[in-house]
């Protein structure tokens, strides 16, 4: 098992593609997305408005090296400033197969 | 990046609103919900019965201070006793924007 | 609160049942599943093809003892080799009710 | 004669689709009708009977006859859970007794609907107000159940019944609301409204029912495995009590001079058990009760029994009494 | 007369279903039509009017009359957001003024559709090319809005408008595409094609509209709580500006000799505000604007107003002018 | 003549909707029909042809003629994957050869259905038992493929084929089950049953097919990008082998005296490739094979080819032979 960093991002669905672009650019080995996440934060409730899809979040996480994790954080920061959301980093052991 | 606690709760969907009430009361800065989670535990399989919606879980997590995390745990405990489910606390670094 | 291990697995949905079998066999006290997760990895994009369901992942996590966690890792490894996906282990505090 | 009816009932696409759904699970075919499609069908069916019932009412008007039916419906919805409770207490703790009796005091809209299409297939019909009757029978059992709970269960304070929540759950649950609302709409818009809605909510009705029963079969099938856990007593309860409820209903219907069609639908309402509204309510207010008991009973025992055997059986009896 | 029209409009199942949906939220009934069912209905409605409009066009052909209508539609789609913007600037910052003016410059397909079924229920009709007009009115406001943004807002560079993305969002958003596509299909396959599609996309239309409006009611109801946050000025704006837009539209329609039915549908298009295409686009390109303002206004104020009062009102006016 | 047919086929709403779906992806419109709506449509279509086929069978009865057709169907389902396998081995490893040959040995229900509605639009028809034939052709290829695998692939033990699982996957996959079941239901309930189901499962059929093909277009469009990765050999395979299979089918049909309509549907079955049942099975039992090869080929090459060109082409040939 290899010690790695797990980077989690919750962001307005409209911006999901931007986050994925960041991950691609930085070249993570992969990522996992859960498209529909509701929630609440500074910008109020994201209750998953069925009609306008404006009030819905997406959840993404990627497992990568510490150095990449921090670069992701830097690149995601302006996005979060603009569109809200959160970015978390934590420790995980990755099963290398 | 700010060290924080991540509190995760998995609970029968019917009780989701109660958990969110707790979070509101304690005044976390926000939370994220994934409404449909299946699973298995003491109370048997939650296979997501399409019809009765009785056997479905929801997944919530919030990022907050250690002190809040423990207060949440205390307030959620009776709910879990009553309705089952789990509550986890772990360490994360929160990207402050 | 009891220190435990959280084992997370992301795998092609077709193999979800195999992973759950492993968890059953090892005898975890429970698990939580989020059935629809998209993602990208060595095997390319899993964009959740609505039609064939071939390109979709599922996300499972279980909370268990360190020793169990490692046995799960061992048993899941061949599956990941065969079908791709990831397996992560991290530390959590479990609220015992 | 009785057997003919049985066959006539089974050999309907809707009922066969139900069996097909059960088979899909027993044969492990991975056939599933994923959410929210079942919700689409159930919503459709509720709206359809609501609008049609309201339209019928706008023709018949609200007569004393109608009020009589509605009152008796309420009466049964209160009576059934009470005697069911005491029967159940013979073997069960208070919590499960409450949950199960509430389940059987309430009704199953799909059973009602299936009975309706069975009746039509015999060229007979029922009054639109029966839909109102069904709606009125959905909730009281929940309240009765929780009254029984407060009377007979001694709980620590932190789990007192939250009546406000309970009453909302009971009387404003989605299906009650949608039925009431569409009844009203059907009533207000009358002939003209129904003409506009009929192509979707009338003409397609049987097909949609068949589609939905396929899903009901799958869901019921998934619970069949749990029947053994339920135990002989509750299995017997799940079959005999509905029949008994139906007979009580028939007796009342006869005494108070219901029409044949109304009597039949009324008996089916008495015999049917809830698997949506009540379980949701019980889960919230009686978590001590075990859902895999009350859900399994109503869904995997009583519902299939009524669909396959109960419906023709009750009709058979009524056919004799009303001739 | 006016009041009759109002009643006539309200006493339609679709409109009543909309009110039923709002009531469901106000009464906290937990009634919901989960995703993607609403998408199913909206897709259905778009395809239906597209195919039918195209079929109508294949009969009428593309005349000068048609081109005139289309040009005026585009004209209004550009004009409205401009004057709306300056009205809004009286009270709001540039960002919200842009987002809201774009919202009102664009259109709401469901309002258009509801107006159409209101018109039919009066035994009148409109030209199939009005669907094309609607399609052309959906996007320009987005572009106008962003031009206003670049002119009046001073932003730091990192959030320059990404025009490529904006234009795609604007002119290739799903609803524009599906409407254009089905219009074309309906036009190409003409009589034969429509005959094949009519059972699903024609006959069931009103019922599906009613079903969808139930959901619209729920969604609108959820936002009603936010109305107070919106403030008096914007509430007034959400009612008065649509009426004004409609009047401008009626004036133009009269001047350029539209038929009565076309004039009515045109006025409704001018009066309606977008709650899907524009919010999505604004969210991306004007994140500084607050969605709970522009979404709430179009969804919880203007849409209900048009459905319940605006439609009969505009018709009332037109009825007098066209006699 | 041939060109007329081509046009006649393309100028049908369903086919145009398919192209519209492809266009939506190529133009990056974000148009999508989210799960589980596609499941709703595919389920609907399977149930509809099952019920209708069963009804037709109940009229024609199960004759020797029928058995002959069924046997030949099975025969082709076994033959095709075998020769396909050896063609593929010229360029591919065993694993991909197995997966692709199984894919082409099986069938595509939607292609069959589209061909059926093309046939009807020409005022001709086919026997209900062809639906049974289709059902019988769905699974054998999977088994044949895995037999080829065990014969030609040398794998380490831990990935031995799990035959139990494979056979269940093959013969109890949802579509096979639902088709068999509804065929039976249609057969048992005959005229009366069909009359009850026709409004939903008959009258709306073409419209639902068009709706579903819109989604098929989107899904196929998403794979078009992968075609280049597939390589010239497999692209050629994806077009030529289906045509060849169709010709073999036509030859057999002629030799064994099929009716014209049956021959046409049979040729389409032979030409079509699976993109649901087989890929799912292959993913489980031949993970070494690359899904973006076999899925892309059947979905982005063979399916569109058959829908747009294959169907009229096969009909053209048959029309000459049967006159």
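Letters A, B, C, D, E and F mark the chains as written, and numbering starts fresh at 1 in each.
As a working rule, contacts are C-beta pairs under 8 Å (C-beta built on N, C-alpha and C of every residue); 3 or more make two chains touch, one makes a residue touch a chain.
Just so it is clear, the model here is predicted, and its values are computed rather than measured.
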item	value
Partner chains shared by chain A and chain F (touch criterion as defined above)	C, E
Most remote chain, CA-based centroid, reference being chain A	D
Of all other chains, the one whose Cα centre sits farthest from chain C	E
Interface composition of copies chain D and chain E: same or different, split at half	different
Inter-centroid spacing, chain F versus chain E (mean Cα positions, whole Å)	41
Centre-to-centre distance between chain C and chain A (centres being mean Cα positions), rounded to whole Å	19
Separation of mean Cα positions, chain F and chain C [Å, integer]	34
Junction residues of chain A - those touching two or more other chains	34, 36, 90-91
Sequence positions of chain F contacting 2 or more other chains	32-37, 39-40, 204
Pairs of chains, among all present, that meet the touch criterion	A-B, A-C, A-E, B-C, B-D, C-F, D-E, D-F, E-F
Sites on chain A touched by chain E in the complex	12, 14-15, 36, 44, 47-55, 78, 82-83
For the chain A and chain B complex, residues of the former touching the latter	8, 10, 34, 36-42, 57, 59, 73, 76-77, 80-81, 86-91
Chain F partner contacts - residues on chain E that touch it in the complex	35-36, 39-40, 43-44, 47, 51, 168, 172-174, 177-178, 181-182, 184-185, 188-189, 193, 196-197, 199-201, 204
Residue ranges of chain F touching chain E (in the complex, touch as defined)	11-13, 16-17, 20, 23-24, 27-37, 40, 121, 203-204, 206-208, 210-211, 214
List of chain F residues in touch with chain C within their complex	32-35, 37-39, 42, 158-159, 215-216, 219, 222, 275-276, 279-280, 283-284, 287, 291-292, 295, 299
